[in-house]
Amino acid sequence: MTIEALGLEKRFGSFAALRGVDLKVEPGELLALLGPSGSGKTTLLRSIAGLETVDRGQILYEGIDADTISLRDRRVGFVFQHYALFRHMTIADNIAFGLKVRPRRERPPRAEINARVEQLLELVQLGGLGGRFPAQLSGGQRQRVALARALAIEPRVLLLDEPFGALDARVRKELRRWLRRLHEEIHVTTIFVTHDQDEAFELADRVVVMNDGKIEQIGSPAEIYDQPATEFVYEFLGGANRLPCHVEGGVALIAGTRLTTDLPRDFTGDAVAFVRPHEIGVARPNGHIDDVAQVRSILPIGPDARLDLEHVSGHIEALVPRESLDAAGIGVGSRCAVRIARARVFPTS
Amino acid sequence: MRAERPSLIDPWPVRIVVGALIVGFVGLFLALPLYTLFAQAFAKGVDAYLRAIDEPAAWAAIKLTLTVAAIAVPLNVVFGLAASWCIAKFEFRGKQLLTTLIDLPFSVSPVISGLIFVLLFGLQGWLGPWLRSHDVQIIFALPGIVLATVFVTFPFVARELIPIMEAQGTQEEEAARLLGASGWQTFRRVTLPNVKWGLLYGVLLCNARAMGEFGAVSVVSGHVRGRTNTMPLHVEILYNEYNLTAAFAVASLLALLALATLAAKAALEWRGRTEIAS
Amino acid sequence: MTLALDSVRRGQRAKVLPGFRLTLGITLAWLSAIVLVPMFALVSRAAGVGFDGMIASATDARVLASFRITFGASLIAATINLVFGTMLAWALVRWRFPGRRLLDGFVDLPFALPTAVAGIALTTLWAKRGMLGQIADGYGLQIAFAPPGIAIALVFIGLPFVVRTVQPVLEELEPEIEEAAATLGASRLQTIARVVLPELLPALLTGFALAFARAVGEYGSVIFIAGNRPGQTEIVPLLIVTKLEQYDYAGAAALAVLMLLVSFVMLLAINLLQRWAKKRHGN
């Protein structure tokens, strides 16, 4: 199903959770809403589900205004962050709930419901556990029950709010892969919320990066990683050095290296450059002053080494092949020249 | 947040019907009785009201009620502090049983609370003959009333303090001890400040019950006007004599005490909530 | 006393905190003097009657009638409180309206108001010439000095119990559970019936049991409004007092022990209920 959000705005008291959000979700895609807490991603998800009414804007399901569709007819499979399982019902009853509450005319016969529950239990790898209560399951198992319950109503769209947030790291990784495979199998339009970029990049076809109630960038994981559109996205993805620099005629001087930027030819002024550690190289000092840094520490990581460098423009982290250090005779405490291979430069506002 | 979730909002027809039922129920069972109380007390004017209270038997009842509360409440405060200290701060076998026994007076009919002391100290009771030969009177006298009152208010303070002390654990006290504080200093300067609002709350409830208890006190008092009548018993006598204005006048004093207790309770709860929030 | 000595050893090994011996000593001494010894006096006095004597006093026609009216009125009152207490708790937790905090505090009035005071106010209100009694009389109903009056007094004194047990559970109830039911296609009514009420069930039953237990033992508020006619509107606590006034100590003690047994069973039921709730919800 195609879902469109047009100009969504939503306030909670004085807090603006959504400030003009436009988004189109393609049929069958797996979309991640990525952002820090308070960025509006959960509010967007809940608004799409119909659990939140927006102050302004419209949500379209297949081109139809979702406001005119009741919660029951939307057929949204929603998986809550803490699962919201019904504690007094068995796992099987939890999964069957959405079928059992249908009006009598639309309700499948009991045998069919039971068969469907069994099938879903198998799908989420919980066969034989239908008689247990939620309290008797582990976190990862509850997660899958919540998913099975959402899938039972044959949803047109599956919405997951921080689906792995409450799980420990190992289970989270396993479930992530499992969910990816499941999506490839059933291919239902899926949107999930996360604040974990690894999770978003590993799972999603497209990632929506949100900040402060607005969308910063939409793109495939590779696009987002290779071409962060804004300063915020760079900062949020983390790991990059943030170096103040000066731009003259579109050319930036970053820690002694001159680089042509994407900025207009006639741009002159202060800017900030984002440089990833592996985009930095080091060499023996060659008489220049402005590219020289002091090596504070060296941490070997496999064939590479992570360098902490102290440059006049600030602290720089570099990731270089270890042999290049030996070749240049660089050790802790020695001086070296910094070489920037690539950078993205944003003018200082 | 809750009110913002559209799928949780009760539809207006439901609100109106349920709201009307609630208003009817609260009006019928809480508001109208309270209104009747004060309406009857002032039915014959303020002068009649004041005259009903300013009368020797009424003063004697007020004095006796204050005396009983002044003895019973401190006793139960000391007990409540001791009980909550050993139950909340230490582990020992039989703790669960002890907690249950402390709560016992709450689940006993007030009549039985009085009866047990009559069976113990009454003329035909266990210690009755001995007490009589030594000319000590407990039943139908102040000591009996105090005993019955202590019994019915027994759990109040302990019950408020135990959960608070348990939640606070023992680390602060242990730290105080390691810093060289004596046992008494630890209690006074660390434990007591931490539980003071809970303690006040318990005292408030204990006091309200001590002054208002009827059944238990009625059984042990003997209803001697001007001597062993507490305020609730005095209300009963006046009422049975069809002296309604006077009965309701004295009753209104007790009702004011109840309302003051509720107000103080709400204030304490509000205070506790803001302290937690800050 | 082995309990105490054993405890002292265990307690002191574990802790550096002082005062265990002292406070446990005070607690046990005070508990014995005020609660245990007098209760023992009661039980031993009742035991003096013997088992047959207990049966005889329990099956006496007047006693049976008083048990019937006490339990009947208590059951009706607790049921009324269950229904209205749940609605009241719901409104206090879920709705925002002016005067909500005031109403919240007002619910505790029956806890704070002396029972005798409540008794005379309710009687005056529901007597034939009282404000509400008049209206009922117009329909040929007698409230005060008849069984309905007893039930009304018991509704009053039991009112806070259901509200105060249901309210915190309702506050803790995750709103996501209801949203989950809604996204799965349940109507609001289905959500309440199948998801919310089952979650509240332990609290509902506990509140009901507490209100019932309190009603069974109630004396002060009932004796004014009941009329106290033997066999018709005489409650068990009043019968105990009557026997005591006739110096029938053994008979009073026997009845008291029977009532204690009832409260004991109720207490046990409440404990089991709470254990069940804890187990089911796995916390």
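Letters are used for the chains, namely A, B and C, taken in the order the chains are written, and counting of residues starts over at 1 for each.
We take it that a residue touches a chain if its C-beta (ideal position, glycine included) is under 8 Å from a C-beta of that chain, and two chains touch if they have at least 3 such contacts.
Given the structure is predicted, the values throughout are model-derived calculations rather than measurements.
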item: Chain pair whose interface holds the most contacting C-beta pairs; value: B-C
item: Identifier of the chain whose CA centre is least distant from the whole-structure CA centre; value: C
item: Approximate Å spacing (C-alpha centroids) for the pair chain A, chain B; value: 57
item: Rounded Å distance, chain B centre to chain C centre (Cα mean); value: 16
item: Per-residue multi-chain contacts in chain A, two or more chains; value: 50-51, 71
item: Contacts with 2+ other chains: residues of chain B; value: 1, 5, 7
item: Touching two or more other chains - residue numbers and ranges from chain C; value: 179, 182
item: Touching residues (chain side chain C, partner chain B) in the complex; value: 3, 6-7, 10-11, 14-20, 22-24, 26-27, 30-31, 34-39, 41-42, 45, 84, 87-88, 90-91, 94-96, 101, 103-118, 120-122, 124-125, 130-132, 152, 155-156, 159, 175, 178-179, 182, 188, 213, 216-220, 224, 237-238, 240-241, 244, 247, 249, 252-253, 256, 259-260, 263-264, 266-267
item: Parts of chain B lying in touch with chain C, wherever the complex brings them together; value: 1-3, 5, 7-8, 10-11, 15, 18-19, 21-22, 25-26, 28-30, 32-34, 36-37, 40, 75, 78-79, 81-83, 85-87, 89-94, 98, 101-102, 104-105, 107-112, 115-120, 122, 124-126, 147, 150-151, 154, 170, 173-174, 177-178, 183, 186-187, 205, 208, 211-215, 218-219, 231-233, 235-236, 239, 244, 247-248, 251, 254-255, 258-259, 261-263, 265-266
item: Chain A to chain C touching residues, read off their complex; value: 49-51, 71-72, 74-78, 80-82, 84-89, 97-98, 101-102, 133-136, 149-150, 152-153
item: Residues of chain C defined as touching chain A within the complex; value: 174, 176-177, 179-187, 190, 194-195, 198-199, 201, 280-283
item: Touching residues on chain A, where the partner in the complex is chain B; value: 12, 50-53, 71
